[in-house]
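Given below, in the form of structure tokens, are the structures.
One chain, subunit A, appears in both complexes that follow, with subunit B as partner in the first and subunit C in the second.
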Partner chain A sequence: MPLAAERAPGMPASSAAARGAGAIVVALAASVFLLFIVAPVAGLVASGGWRGLAGLGADRELRASLVLTAFTATVATVLGVIGGTPVAYLLARRAFRGRALVAAIIDLPLVIPHPVAGIALLLVLGRATPFGAALYAAGLRVTGSITGIVCAMLFVSAPLYVSAAREAFARIDSRYESVARTLGDDAWRAFRRVTLPLAGRGLTAAAIVMWGRAISEFGAIVILTYNPKVASVLSYDRFTSTGLSGAVPAAAVLVLFALLPLVALRALRMDERQGR
Partner chain B sequence: MSRSAFVRSKVAPITVGVAVAAAVAAVHACSRPSPSGAAARDTVVVFVAASLAKPLQPVFAAYSARTHAVIQAESGASVVLARRITELHRIPDLILLADPEVFPELLMPRHVTWYAQFARNRMVVAYTANSRYAAEIAPANWMDVVRRPDVQVGRTDPAIAPAGYRTLIMFQLAQRFYHRPGLADSLLASAPERNVRPDASGTAALLAAGELDYIYDYQSVAESNGFQFVALPREIDLGDPSLASEYATAQVRVRRPGSDTTVAIAGQPIRYALSIPENAPHAAAGRRLMSDLLSPAAVRELRAEHVDMLDHPIVAGSNPPAELRDATGG
Partner chain C sequence: MIRLANVAARAGAFALADVSFEVPAGGYGIVVGPAGAGKTTLLETIAGVVRATSGRIVLCGNDVTHAPPEARHIGMVYQHAFLFPHLTVRQNVDYGAASRDLADDMITRFGVDALAGRPVDSLSGGERQLVAIARALARRPRVLLLDEPFSALDPRTRNIVRRLVRTVYYEQRFTALQVTHDFGEAGLLGDVAIVLDRGHVVQTGDPEDVFRRPKSPYIADFLGAENVFAGSARPIRAEEPDWVEGDPDGFMEHAVAFTTGALTFYALGDVVPGPTHAVIRAEEVSLSAEPSHSSMQNQFRGRIIEIVPNGALSRVTIDVSGTPIVAAVTARSVRELRLVVGSDVVAGFKATAVHLC
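This part shows the complex of A and B:
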């Protein structure tokens, strides 16, 4: 303390100036960064948004692909929630051997280049493999099909759900569960009646993030399923085959479409803050 | 606390900055040409029709090893490659397409003034030993085998790839040749949209993976992938130049992507053609690579890779480069 007191007289002027300069640098860097994110998106929507929305009525292919994308992303998200929630819960709550390994495995799809993920899925789920042959016999084929789109979306986006859901569970004080258990609830009942409702918003947010990631997936999907075309494949296809003029309106509509989960997420968080 | 935080916050960006600078320097050092080859190192951007990409790989590799040139090849469906030039204004130094007609339709006269045909090909029905009914299929019954309900047949997108519209033309020729009304539509129905891929090598990859049983593709693609194939009668395989007028009686309408307009495409003997765009950034390097590809040694090498090279290229258009005159032997 005395040390600080000795320095005090000299500090305000120089440190305030340094802090001021630092603040300017930080603000500048932040604005450039934000502009870097916002400008392409805003530019795209500004140059093609209206044309795209106006043309949506006539563009049956784009409409069909938006519906297909929303549907497959929803199916993938539902499957991710069903399969990922128990994993997320175990990772958040239980200390078990190999927990770090499981966590690392679940993050694996995040670091694999997506076309590689598509090829890997083809090698495991393709018709030439025993598992793929069984799927095929059951009427499910992974190439050129909705099944393939859902598989690709699930593979690349489920890790985001699991890690966000894990955090949502970790935020809940485990004592609530313990109290429920001491009052006679079994583990499942305590989870269903206490933990799940408390983690509800967090899990919903995690699912929305997963859905958003799923609708934006391209690389893995295009390996498995070129037709029918999801929105990302269609926009790339239009870009390569008709160039900018043909691609911009469709791309702008896709940006607006992709804003839906973001808006939902914001609404959820606002609601949460007001609810407190 | 505030002091240590200040120090830390100041050190961190510096550390990151130094690390980034070191990384950039390292990457730069790696990507720099070796001193020995630094003097005359060509960079050549080449657009390659997907069906040619695989056979050209070893030829490009040998050329790079010999001349230290850096070849940046991009492969895709021929119409897509042409549109990269017209719509995205990305100009390659050499472009090799699976259909000469793409040059007059999309690229002349703005981007290209001449083109040279340099190879032939034929449509085949390719399959592997694992394909269903592989033991049964033969030139006499292929059209029945591929239409069986438990068989998956693939084809290429006719809107953007020559192999795609040539398949549809072949269906029409087959209907007439075999005297089987309705065959063309029926063959098309047995190779549905979901089995369509953007280019000739995309369908080949799915056949190799076992997802498809049969694909309509070029003979060179089948051979270079080690597939088995049914050779089609020359009246329908689009491979015989002497039957050009017969082929021309078949015509398909293809929808250009992103628009409601369609273009009519008539049957023609399959030819590959190359050109060097007017505004090619490294035109001289492109010409050097072109001369090499058309040299007797490279022609032999490409034939060994199953590309049916012409003995001499056939040049169309105006102002072809001098290097082509040597190759045409005139």
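This part shows the complex of A and C:
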């Protein structure tokens, strides 16, 4: 079997050779790129994954941080779904003045550095600010608390949910809702009985993406709440206090943890392709 | 009853402007118009899923201009069915049904009982359309809006389903408005025809009247009139033409001569002398071997340049002094008159068959 591309009848030899060389360059570039992505992650998991998993029973702090990460990411995701779904629906369905601006503002947290996002949140929710002080007076402490972690996660990952949910709604022809309305449903009932089931997979995928992004957040969380430590902050903390050897098991477990939403997402998409 | 008064609306690239017409209670309206005329937008505006920006919409005596779709007691069938893909056929028909019995009845009538448990993505285009019609009728609507509902059906099924819809229509006596490209359907079904073009109603009236007396050559062309001629007309009552000798019906008052190219037709009408168009339906043109001594005021000898068989009728094109005239004649006439391309024949039509617009 020839390795290089076979020459088509009538194609000059020099042209076929140029194509073959081009294919080799592309293959090399793609391989280097994949290696660049895979090597650090694989190295981390290989060197600390087993140790981290084996040490989970004894490492109470790591266990607690993983539970805290999962819990806060879940709370943030639930809040993101509750608040983001109507916004995504409006952006997908309604043409209104300033829609592009609203969409851009919602996407903003995706493009600003996450420590900057943390500082921005601190300026609104910190105890020294009027709003933060009012929350504190009402018994809700944001900085240095689980609430702060949830706020940071929500701020940086909700735009991913809104963006994916908007796409999920946009893929559904609005005339399904129109038909439901002509069959006697009011707007909410048509949404609940038709749009939501049809967008269900897309919304679930959007929530998984948001959850996955939330568990990996570090920059904004570390500004708002260093303690209690989520897994990313714990990895950083161990790196600064005990060096690489202390940080690797926790970091490797976090990578394995982050694989969960990605596996769930792929399973969901395969399920969708098979039409289930 | 459906009454629209000066309605304007916009949906994406489609806009309606100053749309007014009325379909009486229990009547069957037909909307015809070229692609992009705004036909679907018109139905969606009546349904309330597109908001009317001005004007009034009255359904069954109630002003529903600002009412939500669910308060309008309508049923709507889109060209592409839009069955809910997460539900079975049975669940689709049940969705807005007035009663379970009515849903059962519609499922049986439209022959989809064997499909009841199936998911809708396993249905053919025709089956989907049947389910969509059954779903809309199971709601027992006061107004039924149909957007080219038979277009996905094969000709045989189309006739059956058209009859079924008609039967339910007579039983339930709802008011219907149907969009169609097929003007033959308008003649079969309609009490009122509404011709829409670029968001405007350009003609309304009895389908037969719209068909025979289109208001413009554009409408005539759209409605499939093969003989549309540009020319000029002049009243000839002062010339006392011999074909209105005696003038028993007072035709003389309206006698007109219409000239196109080298031909002059006789027609009847009130015209301002000058440029106009003449429309003659191909069905109104008869062919004979020799001029007849009948009341046919317009008779021209010409040469057959084309014969196109089309079902029971054949379209025969005759070149008369450089002007093509199309006649629709039966296959039997083609045989009996031995019509072949290149042979001479006489084309005739009455002055009353010439519509000036």
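One rule holds for everything that comes next: the second predicted complex is superposed on the first by the 254 of 276 C-alpha atoms of A that agree within 3 Å, B and C clash if a C-alpha of one lies under 4 Å from a C-alpha of the other, contacts with A are read in each partner's own complex, and residues count from 1 in each chain.
Here is the rule we use: a contact is a pair of C-beta atoms (placed from the backbone, for glycine too) under 8 Å apart; a residue touches a chain by one contact, two chains touch by 3 or more.
Here the structure is a predicted model, which means the values were calculated and not measured.
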item: Clash or fit (per the criteria above) of subunit B with subunit C on subunit A; value: fit
item: From subunit A, separation angle of subunit B and subunit C (C-alpha centres, steps of 10 degrees); value: 150
item: Partner chain(s) touched by A:N227 [first = subunit B, second = subunit C, both, neither]; value: first
item: Contacts of A:T240 with subunit B and subunit C, given as first, second, both or neither; value: first
item: Which superposed partner A:S145 touches (first subunit B, second subunit C, both, neither); value: first
item: Superposed model, subunit A: greater residue contact from subunit B or subunit C; value: B
item: Subunit C versus subunit B - closest C-alpha approach in the superposed model, Å; value: 29
item: Overlapping contact positions on subunit A, where the subunit C interface meets the subunit B interface; value: none
item: In the complex with subunit B, residue positions of subunit A that touch it; value: 122-123, 126-128, 141, 143-145, 225-228, 237-238, 240-247
item: Subunit C residues within the subunit A interface of the complex; value: 44, 47-49, 68-70, 72, 74-76, 78, 80, 82, 84-86, 95-96, 121, 135-136, 139, 145
item: Residues of subunit B defined as touching subunit A within the complex; value: 76, 79-80, 83-84, 86-88, 130, 152, 157, 159-160, 193-198, 202, 206, 209-211, 256-259
item: Subunit C-facing residues of subunit A, complex; value: 173, 175-176, 178-187, 194, 197-198, 275
